[in-house]
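Just so it is clear, A, B, C, D and E label the chains in written order, and each chain counts residues from 1 on its own.
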Amino acid sequence: MVDDHLLSIVLIAPAAFAVVLLPIPRRWRKVHRVLTIIASSLMFAFSLRLWTAFDADEPGFQLAERLPWIPQLGISYHIAVDGISILLVLLTTLLLPVVVLAAWRLNIEHIKSLHISLLLLTTGMIGTFVAVDLFLFYVVWEITLIPMYFIIGVWGGPRRIYAAVKFFIFTMVGSVLMLVAVLYLAWFHHLQTGAWSYDYTELLTTAPLLPVTGGLLAPGLLVFAAFGLAFAIKVPVFPFHTWLPDAHVEAPTTGSVILAGVLLKMGAYGFLRFNRGLLPAAWEACVPLLTALAVVGIIYGALVAMVQADVKKLVAYSSVSHMGFVMLGLAAGGQAATQGAILQMVNHGLSTGGLFLLVGMLYQRRHTRMIADFGGLAHEMPVFTGVFLIVTLSSIGLPGLNGFVGEFLILAGSWSRAPVAVALAGLGIILGAVYMLWTVQRVFWGPLANEANRLLPDLTVRELFVMLPLLVLIVWIGVHPGTFLSPTEAAVRLLLGR
Amino acid sequence: MGTEVVVIALKLAFGLAVLLTTVPIMVWVERRGSALIQDRLGPNRVGPLGLLQPVVDVIKLVTKENFLPSRAQAPIYLLAPVFAIIIALSTFIAVPIGPDDGLTLFGRPVDGLLVAPHLDIGLLYIFAVASLGVYPLVLAGWASANKFSMHGGIRASAQAISYELAMTLAVVGVLMGAGSLRLDEIVLQQSGTWLGMLPRWNVVVQPLGALIFVVAVFAETNRLPFDLPEAEAELVAGYHTEYSSLSFAAFYMSEYIHMTVAAALATTLFFGGWTLPGIELPFGGWPQALLGMTVFGLKVALFLWFFVWVRWTLPRFRFDQLMALGWKVMLPLAVLNFLWVGVVLGLGLMEEGPW
Amino acid sequence: MLDALWLIPALCLAGACANLVLGTLRAPKAIVAVVGVGSVGAATAVAWATLWAYAGQPLAVVVRPYFTWISAGDITVNASLQLDPLSAVMTAFVTVVGLLIHVYSVGYMHGEGNAAFARYFAYLNLFMFAMLLLVLGSNLAVLFIGWEGVGLCSYLLIGYYYRQLWCAQAGMKAFIVNRIGDLGFLLAIFATLAAFGSLEFETVFPAAAADPASFGPEATVIALLLFVGAVGKSAQIPLYVWLPDAMAGPTPVSALIHAATMVTAGVYMVVRANVLFRLSPTAMLTVAVVGGVTAIFAATIGLVQNDIKKVLAYSTVSQLGYMFLATGVGAWVAAIFHVVTHAFFKACLFLGSGSVIHACGGEQDMRRMGGLRIHMPTTYWTFLAATLSIAGIPIFAGFFSKDEILTRTWAAGASDLNGFGDAYRVLWALAVAAALLTAFYMFRALFTTFHGSFRGPEEVAHHLHESPRSMTLPLVLLGVLSVVGGFVGLPGQLLHLEGLNLIERFLKPVVIPLAEVGGHAAEAAHGAHGIGLATEWLLVLVSVGAAAAGVLLARRFYLGAGAFLLPRRLAERLPLLHRMLLNKYWVDELYALLVIRPLRAAAGFCWRVVDELAIDTLLVNGTAFGVELGADLARYTTTGNIRNYALMVLAAAVGIAALLW
Amino acid sequence: MVTWVFLAAAAVAVVFACLAVVVRNPILNVLSLVIVFFAMAAIFALLGMDFLAAIQVIVYSGAILVLFLFVVMLLNIPRLGRLGSGRPFQALLGSLLAAFLGGLLLAAAALLPAGLGAVLPGAAAGGTAVPIGRALISSHLFVFEFITLLLAAAIVGAVYLGERELQ
Amino acid sequence: MTAELVPIPFTWVLALSAVLFAIGTLGVMLRRNAIAIFLSLEVMLNSANLAFAAFAYRFGAVHVAAAAALDGQIFIFFVIAVAAAEATVGLALFIALYRLRETIDVDRFNILRW
């Protein structure tokens, strides 16, 4: 029974649990916390079951569930996982208990609503990764928007409303175009086969037939652009990234972690799944542009991160840079590069998520994120420093930690296709070391610069437990990435082979 | 065509006569009854037992000046009492006063002599007309250009609207039992016995509905304890403060006609109309009709006495209490009755069983 | 025993982890020391046992794959270790020097707190792990792990005294400059992968050697990129700037990482990839030129440094230049030989300087030392032995290796290697000059530190003492090795005793067989040097002469009655030159001007102008403003008058009705 | 006879509708409308829709217009402004359009093939109340329930709007 | 089952509906008082009802057998219900507005204005 509907359970359980939380009075903060942590851990357990039930050698969709939804239009509730999405589902369910635990002591209003938002968000995010029906995909894609909007707008920093609205409108602009593209694909499918369908597996037969020649207004290119814009904004790719720093800076730690950890992946996932999978011809035509944007993003993000005064903003811009690597891997399109890009999504979720968590812990202690307010923390908080350093090293791609594996595969896979791009992206690696280490330098090393930082408490046991899963995975992926690479292999091969 | 016209004419004449004579009688009953209750004599000088007192009153009224306040809206002011009478009278048309099956007149079968025209929407018709009852009061109150009148008018209509709801809902219970809007069918449905021994009257089957209906009817007719629209202590005489002479008489009459109609309705809906519990008459035709009319008349008379009795026994409500009672007690109770009838019907208790 | 190969680095890693835990528990130093030294000791024992077993066999290449590290698409990278003569040599001296320095550190770092002490040993163990991984790795990727690992440890150890900002900054500088080189290495890995489809040494190099013609261009690219990595790690021009600053770390760290082992990783890597280099004359020449220029360049700076560790640092840079010069002329064995001897004498020198600094209470400026020979004889004698060794005085270890390099360079010039004979001849001249300068500044350091009279403050003078046993023991051992270390590479051909050169014989399988298959010109220069015996003896004389001249000059300048007078006068005579040398040719300032400031300006431009102004304000909020403006205009149609609206509705209704008509 | 009754009712409806729109005394407006609705009820009855006729009277005359009357009295509006006052141009345009629309509809009615209607056979025996009632709780149940929701919402809204003034 | 004919052409009913609709529209266009506008609206609603009735009367009998025979009447029923709801809320609004502005002259209300 459980196994038959495993995917549905993983997908629906968070939302269902949000409903369970609804009638509990919001003053029972502890009850909310305990229940949510139990529920989120349970969800993670379910997703682990998903992982074990998953067959890595099967390239196509697995554990599928399909129910007619609006049969007249060929819309169905069709969910399934394949090697590309399983990792991201797991990342999502892993980060949920982590952020709930991280927000444990947070003395904020409406903890109940925060948890409900988080749970709904989780359903949306998982849905994005498991939806096979494009209409369903659009719905869950938009569902993620609303809780995130609230998380930023309600629990955020001083400019939260601006940031939330910016986030919302940016994403909305893209996703509305995406809806148009989805409808167009269904219509085209109808034109070709006489049947309406929004199903990815069926659109695969017709979408590649969209003509891409005939100038910039070729249907294939337009659909590609519509999808691409939605995903590019989410990733974010270079010129569409300005919502990210604002959103990250203003969002609470919880939001930042989820935003960086999962939401950005939705864009890259979309690129791979839809732009690459459905429109290979248009993809080929756009590879130079994507590569260029990816490289610009890498260097640009790193450069801008370098001069930030706010740690969170710095990490946000570093996300732009890191996601540039993912985009580069996708653009290169080889087996290795693509697998690397998927792994790098996970890596980025872990390391940047970890950085946001750590910055959040620091913020909770000092209520500032300005680098200038710190200095010489290493002596006061040695364990914190150590953990921060490990996550930093993971972020800058030290071999033996996770970041390296992803970057290695991406760059190695891209080399034969675009050596210049790889070399330029390499500059991004150097700059990454520059800004991250410079930050570490200014925050942790040196004499104690600010008396307010004296005797700051070190990591608590709870906080250590928050970081522990991330650290374990950082090392695990770094030392034995095969665990996480092998499931993606067959699926990527199938996708690229089309 | 011929007999129809005759029947209609007869019926109208009879009804008019009965109702119009009821009014003076009721005035007398009321005055004598109040005296009885208050342990005094009441009018006893004019005629035997003061029976002619109403006649004298009428003469007095007719001879009074028909006063028109200077700022009154003349046409409305003058038309309001007329409407009042018309509406009161037209309600009665639909009420069946006796069994008319097999009746012949001048050798031809007549239909609808006693059971008004077999109105398919009978009950709805009554509601429709009753709902218009507010207009004369409001218009009179407004047209008088007098704040007491105005207030009285507004009170009257607010009260009427409020209690109409409860009344309608209570009647819905009756409708459910009968499965018809036709009043004669409702009456017939109440003949016979229920559960083997009880009269099959709706008051027995759904006492709550009957209670609500009766209370609501009190409010509808603006009788004590719900006579707030004309509470003399508060509003002089309410909406008819400024009226005199025949206009006043019209209002006065309409009130008593309303009362009579209400009594007739209550009888019809809840007390078996012209039927007697458990008695199957061995004869039909005119004797049966006459007997039925007598029974009906007696029941109505008892109800009218009940009206008087209550009026002189209970104190007056405060207006907010009145509204609270209407909305917060009567309405829910009416719904409860509604449910009760549903249960009774659902359990099959209304059917003729092996009782 | 060979199966225990993985134990060698693993033991060190275990030690590091244990010490990290001990550090958080603030365990007593004794335990930490036992764990720290013990783990490295065990690793050393295992290593030597393994080597013993290996040496007993025909010197085949032993590859031990453990698991697949990365596998995606056509990229497969194994986590595997390899034992061949080259890695054997490296392992041998790395473990020994590492162990000695661990022992030394127990004494040197005694003043630290428990946590800091444990942290130190954790880092040091971790370094040993990374370094051993580096030398034992069987492919470029594993090598790269070690490569970055040692870089990390270097970063951590340079910034060990993190509360001093400049220490931390030096660490960061080291890491970032190294990163630049690492990028080259990484790109080289990608290029290798693209060209050969594998990163395994045993796959790539035979393939390249087998088909030199078709792999020529790739080899050039790969070799140059690899060399970029080596330049970063081994502190060559232009990326040498981090090494002098790296002296901010504790002195044993300088000895182990920044003199003996890590910085020679570049040389190791180039030698490892000698097949590829040999396929590319351009790369060879580049390596040689960079090495030669660095040797003389760093030596000139070393002339005027007053910080004893800085002198040693520049000498390290200079010596590394020698090694690259050696690789550049195809003297692979000589390069490795010099790596080994350099490890001994430079570690000895650093430890000696550490001992001195320890005695002087942290003072590093030689101008406030002097006459220490009396107070700390052990240190003096070991230091002297190492100085003689580095100066290239015969019998001492450095003489053999350095002489070998000079000879080979000359030979390269003489045989017109790859057609760049003139360049090699110039490089030889530079190398000889550098040898002279080396002898000079090393003896300058020796004389100013140990001879004459003490010039420091009085209170320090009272405390001058010999270092504890745990420090002197390694000193003595290293001193001995500085003396006798060269005997493994005796230039037998000078005496017609071909078998004397043990190291050459040992390393031959790494260098020669492949070349024989390739049959390349470089081999001609190598096999018989291509020069006559007489010339060789002459060259020996020249080099010894240069060294002697340097020593004598230093004696003239810094010893005796006229000490320090002559140099001061010289400095006054040539102020520009002196200032230039003192300020290290203003290279740091130049980098700040040419790299760092433009970078920051570009970053600021990107942020303020591109991000905030162009994209966010103009495009994003501009669009929003446009919409708002349009809405502002459009809202004037809403008059607020309901009847107006009703009229519009009616008009629309009529219109629709008419349309339907 | 039926025809004449219809014509009479129609005439009454039109005349009083005009009065309801034109007369400046709001009470008279409401009363005129009452009469219009009565005429409508009559027409419904003529067309065999007795249930609707009753409902028309109960709901419109008995409830809605009473409410209007209430409000008119409550607000004590003395006299309405002159017809079309305030915005003459708009009034002119509006009347023209309204007239045009009316003409359009009339023309449409005229162009339709004229035909006599029919009263349902059921209407003769037992009225339409029962079949409509059955239809409401069977085939139109959803809309019926939805209407109850709408009414509930309207009540809540009205109560809210009224309550707010108290604070 | 044959339907009982009534001698009223259904187009007459439609025509009456059209006339009433026009009158209602005129009222909405010409009146300034909110109540009066509302009354006119009711006229319009009723004219629509009448149109429904006309068509139900004309075509309802055609579908005697079908359940749709009563649809026209049921629609009128619903329209009446909606009108009731509308009147409730609308009048409550007017009262609220009146308390706010002491007038219900719609020309005096421009709170919706730009």
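In the analysis below, a contact is a pair of C-beta atoms (placed from the backbone, for glycine too) under 8 Å apart; a residue touches a chain by one contact, two chains touch by 3 or more.
All figures in this text were calculated on a predicted structure; none of them were measured in a lab.
State the smallest step count from chain B to chain C, taking one step as a move to a touching chain.
The fewest touching-chain steps linking chain B to chain C number 2.
Specify the chain with the shortest distance from its C-alpha centroid to the centroid of every protein C-alpha atom present.
Central chain: A.
D-E versus C-E: which interface comes out with more C-beta contact pairs?
D-E
Looking at CA centres, what chain is most distant from chain D?
Centroid comparison gives C as the farthest chain from chain D.
Could you tell me which chain lies farthest from chain A when each chain's centre is the average position of its Cα atoms?
When every chain centre is compared against chain A, the largest gap points to B.
Take the average of all CA coordinates in chain C, do the same for chain E, and state the distance between these two points in whole angstrom.
Going by mean C-alpha positions, chain C sits 92 Å from chain E.
What whole-number Å value describes the gap between the mean CA coordinates of chain A and chain E?
Once rounded, the distance between the two centres reads 56 Å.
In angstrom, rounded to a whole number, how far apart do the mean CA points of chain A and chain C lie?
38
Distance-wise, how many Å sit between the C-alpha centres of chain B and chain E, to the nearest whole number?
The mean C-alpha positions of chain B and chain E differ by 33 Å.
So which bits of chain E are touching at least two other chains?
Counting only residues that touch two or more other chains, chain E contributes 25, 28-29, 32, 107.
Which residue numbers or ranges of chain C touch two or more of the other chains?
641, 643, 646-647, 650
Pairwise, which chains touch?
Every pair of chains in contact is listed here: A-C, B-D, C-D, C-E, D-E.
Where on chain B is chain D touching in the complex?
These residues of chain B touch chain D: 73, 76, 120-121, 124-125, 127-132, 134-135, 138-139, 142, 150, 153-154, 157, 161, 164, 181.
Quick check: in the complex, which residue numbers of chain A touch chain C?
Chain A reaches chain C through residues 166, 169-170, 239, 242-243, 300, 303-304, 306-308, 334-337, 339-340, 376, 378-379, 382-383, 386, 393, 398-400, 404-405, 408-409, 411-413, 415-416, 419, 422-423, 426-427, 429-430, 433-434, 437-438, 441, 444-448, 479-482, 485-486, 488-489.
Residue numbers of chain C touching chain E in their complex, please.
Within the complex, chain C contacts chain E at residues 635-636, 638-643, 646-647, 650.
Going by the contact rule set out above, which residues of chain D touch chain C in the complex?
Where chain D meets chain C, its residues are 87, 90, 93-94, 97-98, 100-101, 104-105, 108.
Write out the stretch or stretches of chain D touching chain E in their complex.
Against chain E, chain D makes touches at 2-3, 6, 10, 13-14, 17-18, 20-21, 26, 29-30, 33, 36-37, 40, 43-44, 46-49, 51-52, 55-56, 59-60, 63-64, 67-68, 70-72, 74-75, 77, 80-81, 83-87, 90-91, 94-95, 97-99, 101-103, 105-106, 108-110, 112, 114-121, 123-124, 128, 131-132, 135-136, 139-140, 143, 147, 150-151, 153-155, 157-159, 161-162, 164-165.
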